[in-house]
């Protein structure tokens, strides 16, 4: 599954396939974290704003 | 969603505001809310540290159980006497490896006590006289799905015993046999470093080439990827499954 | 809302909608737990006593489970395709049904994975498919994409949960839901990418078996062409399945939840895709006859053993293919509720039958001349463990409908 | 799978069998020898062939005529160890295994099965047209004391995994061990023989390196009466059969029926 | 600070996230996942490997030990592969003169009998009702005492002749010990279980005047005409015959031997034969005579042999001038192809072709012995087949048939019999063998039970059984069971819990054949004398003792002349002494083969009154056999009517014998049962083979249950439609229907012997039954 695993064989199909997989996983992780961090920041900021009122 | 979104957001903010007010009332003395975000962070840090140390420090020793060998055997003494490993750990005629000597081999010399060592006395009274095989605990025993050929490695590959087994020939005492509570496999198979990152015997040997002195502290790890790594290096192929599996 | 007559959990309901009494809700959930328990018992038997409790055997390594897996995922294809139409093609009206398509998708994909978990002989080693992946295997592709796409579906489902009236009150969750909505086109695009692959790979699962002339198809790029047929069939039937489930939900809820024009868009697209699929499927059948003959397997031999006679081919392509396609193309039929539902039913049944054929009939066809044909039918354990996901799905739908704002048009269509 | 490149001194083989169906009497000794050699489990009721675990199975086939024109022949069927060729460059079962639990060895031409890797998806079974792969539908059990005869050279398989004939690969390993101990790399023909070959009282099975002209199989496979099962599918199996009976040879290809006339053989 | 809900949630979520992250950042989670996998693969209780409980087969030093297999009369050499002290595999012994490396399925599964749960762990004494299977363990001393007391009492009461022994063989030291024991003890009742040998030995004795068993030079024959012999299905020494079959199938197509099978059913042998001629069951003799007719008519016989070395071929007259009909005239007049075609159902044209092909072949050989040769058969049928061999001059020639002696061993001192022994031995045998009625026959294994049931219930007071399972293998199981019930004391020396042991009062378990020394005389059907030696390959697994030792201990405990008949310390001493100077080579090689052995030339070969091969049996009159009619002195066709009324039982049931199904004294091991076809056994029901035409007549269909009924019993069976069986005939496999052993064998199918009764041969008294009338009805 990982390029450092001994079972990894350097062949184009494997790079394409696993590359696509990792791209998808990374995209999903980025999206989730992006949204979570934005939400977290919103929460903090809003609080501040609210408290200043 | 978007049709109702704004409205809902408004509602939510309203709710939030209410919550905030309550908070403010309760912890009024200090500037409320400015440090509040530290609560989850502190909780996170606490969780991280506790489990980090759990994983690195607390669990590893619990994972392994320990047994003592039936007899405290001195390899050094015997190597001095016999000369080399093959004297006791020999190849049979069919090319298979004898492994740990049977009682018969021990009895060849120890029919009568040769010295005054209490361990030798134990060997004679508990095993040789009643003719009971010694239940040695084998550090390097592989799982049943593995086929390992000593002939291929020692005879063809010309590898030294110490590469995999470590400098066991220099030891005066046998070390305790540690095994994984879950798998029941010897700890020597997976490697002594809990991270599984311990260096292999051949790495030590490479070092030795450079420094001129061999420093193999433990046996090599003997998991599948270690086998494959060396095979790749030496044979240029990972080899088919059936080379090592049965 | 009249607080006196409102159910006690009404605080959790979406804003401005009416839901049944909690005791009735509880009653139906309890009723569904009957068959669910049967399924759980079947599952425990499979895991505890090993797979000899099924009617699978060495001639039928694949049976109902794998056929159902392929079928469920094809039907769940409505989720990605609706998402694709909504977020990528940007058909605005579909926002009114895309939430529900996601819920159905989550259920279908969870079911597919659950069934696989029962089907494999060593479930505890199931993760080997990822860890020791053989990228040349269609099943690896399927497993990876299904898992990833299931994650995508969960991410798509997540904002719906967060929009629950009470959860949404928490600022963080509210914000998260909001931002996730913003990211939805990207997520949907990722989902579409994944879905194209695994829908196709599922078609490729039997298509690559060159030892089985019944299933084998020549390749196009790295895939047999059933890969593309499977994608096409999934997007042709997925929307119909969404329509079917929506219709059934409306019947149960006793009210309209989605406007007719939204349904009609899906039905129309479905019909056109089905026509395209059928053309290619018929072409495929013609080419396949020649292909099989080339390796010594005459067409007639495939339909020589009952119950797999010629009727299979006629039913699959004719009754469950051409007829629903014709129905769905006709606007008059689509506008007629009964007509639409019959068309959708036939369409979904056709796809399911196709999946059964490419999985089970493939195993059924003896290849060696001296091989004996044996018939297979699933036993109760297989049925129970497969259907358990229908019942669980029903519970999930009931919960989602009751507590989550799934249907944006509900309030408008059913003013209090 | 990637072609394994071996160092120059590494001898490669292509092990295969030639089974003389004229000699085969259907006695079943190969099946029993295989079961005894490879630790195959047995059950109180083994009468369901669809679920019984046989690596070597002797098929009893008939020409389908009526009394007294009926004729019967036996076809012992171990794993065919397909090589695949041309368009189908891979063994049917190997390419489909999602967890790389089975592979094709370019050193020996043997298709392996690693039981601890297999998780029991059974895709390989669907891929194999010869039904050589069997699934462990039950936990294997041995009556008390019976496990004493188990062969330590072969793993005992757990439930829920697929298994199949390995050409008694462990015997190859043992033979190599011996050769290595004698500082040899190459094996003699008689050093590595499968259990069924050795047991066959009729001497119907011949085993050896198909590409070594000095091995018996090399000559035998060239018999005008030789054929392989499902030749046309392109699986390129390594089991050759020899029969002087026409209908038996024809039965070797896909779907006998009326279309069975144009059977070809290697 | 008050812990409000929100803080609580934040703490929980934060901590969990941290915990997860922290734990993920350690190696232990990966390690645990890995370990869990291994645990799940090998150690998780549900996945534990069956009864192994984690103790997987241990490695060790691999050694090979040679011995001989005695699971059937085949006597193959075996090599047992051992790992440490465990036997792990039985393989055929390379270079052994019988089987040269080959092995049969039963032999290969022998270890399942060694380590199986059917082994008898120690001496057992019956405690429950007989046949209930309830035994208690007792010590060897108690067990032997019990036998000594019982036998001692009988002897004191002057009833020593009521003790009988049933053994599977009468050759070799252990059977001879039993025989000697009876002689010293005072009983004539040594019985050998049934086989085709019974009849063949008689036929050879009568026609050739020789003692010894039949030896076929199969390997060198090039036209093999088999009268219902399951050549490749366990007939003779199974592996040896299969290897001979391969010889016939080797070489250029045109040089290959021809095999012709005469049998009403397409057995494996018939399927592998070049020609299969289905004939009406039981008419083999008629066909043989029909072939003889053609051979004689067309002068295709060996004139040299017939002219110089035979008697009774042509008509002849005795000193008084009375003319007797010769074989030639009988055959010429009675057995024209047309007449034979009518009897056998084989067209006359085929008879002609077959006869010519047989007679013109270079080295033709006609073989006899139905199936595996486990039934005695008809004397005249055997003689007609043997006459065919004589016509082609095929006696004592390469590729022919001969009477083969045993490897000579040292004889034992004469038994000094006391008065009891003398009077006891002179009493008539219980089975009537050697009596006025059946003066020629030595043993009548199928008859003793009939005699007992026919009003002589007390005739056997004690029965010792060794190396045989008469309870299972004797025809007419119900009669055998009844006879067993009437025997007050049954002792079994069996290693496994077979049917006889199961119904015994006392079991004195012998060592398994891989645990003991024993000599094994020449396997059945072999043309050269061989002596094999069973050698202990593993140490005894249970508290068992060698039957030879046990018997000698019993004898010695009885004292007096019985004890003094056994002057040896133990069995091993006896064995060494008996083998004499051969012991050295036997111990080293494990066998002795008389390679140089050649059957005598024709001029010296025949010990008949005429000194020639006799078509006309003069020995009948000498022995006092009442023949009655003239034709009775010649090989002729004497129909053996199957038991049952044709009106009630319209069909004919014949037993079929399968290579994968042991039907002798040894129960089928699980591996062999596993190899049975789906059309032979399904769950606990066996299949009978029925021709689709017959099935249609009786409304039977494939895989459905039916009731099979004969005059002897009935059983529920499954129907298998088989185009290879003659219409009107039903085939039932032999070897199933065990009640003893254990779940791997017991309760599966029905014992064919329970459906077939005994039809006594008029001359020998042996069972000539080849089948039985039956009816098959749908259920």
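Should a chain be cited, it is by its letter among A, B, C, D and E, assigned in written order, with residues numbered from 1 in that chain.
Keep this in mind: a contact is a pair of C-beta atoms (placed from the backbone, for glycine too) under 8 Å apart; a residue touches a chain by one contact, two chains touch by 3 or more.
All of these numbers come straight from a predicted model, not from anything done at the bench.
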item	value
By mean Cα position, the chain sitting nearest the middle	D
Maximum centroid distance from subunit C, chain identifier (CA atoms)	E
Reference subunit D; chain at largest CA-centroid distance	A
Distance between the centres, which are taken as Cα means, of subunit C and subunit B, whole angstrom	46
Computed distance of Cα centres, subunit D from subunit A, in Å	48
Approximate Å spacing (C-alpha centroids) for the pair subunit A, subunit B	33
Distance between chain centroids, defined by C-alpha means - subunit A, subunit C (Å)	27
Where subunit E touches two or more other chains at once, by residue number	6, 36, 41-42, 46-47, 56-57, 59
Subunit D: positions in contact with at least two other chains	1, 48, 100-101, 116-117, 139, 156, 158-160
Contacts with 2+ other chains: residues of subunit A	7, 9, 46-47
Parts of subunit B lying in touch with subunit D, wherever the complex brings them together	91, 93-96, 143-145, 147, 149, 151-152, 155-156, 235-243, 245-246
Residues on subunit D engaged by subunit C in the complex (per definition of touch)	1, 48, 50-51, 59, 61, 75, 88, 90, 92, 95-101, 117-123, 125-131, 133-139, 158-162, 229-230, 232-235, 250-257, 259-260, 262-263
Residues of subunit E touching subunit B in the complex	1-2, 4, 6-7, 10-23, 25-32, 35-36, 38-39, 42-43, 54, 56-57, 59, 61-62
Subunit C to subunit D touching residues, read off their complex	50-52, 56-62, 116, 119-123, 125-126, 128-129, 131-134, 136-140, 143, 205-206, 208-213, 294-298, 301, 362-363, 367-371, 374
Subunit A residues touching subunit B - in the complex, by the definition given at the top	5-7, 9, 44, 46-48, 50-51
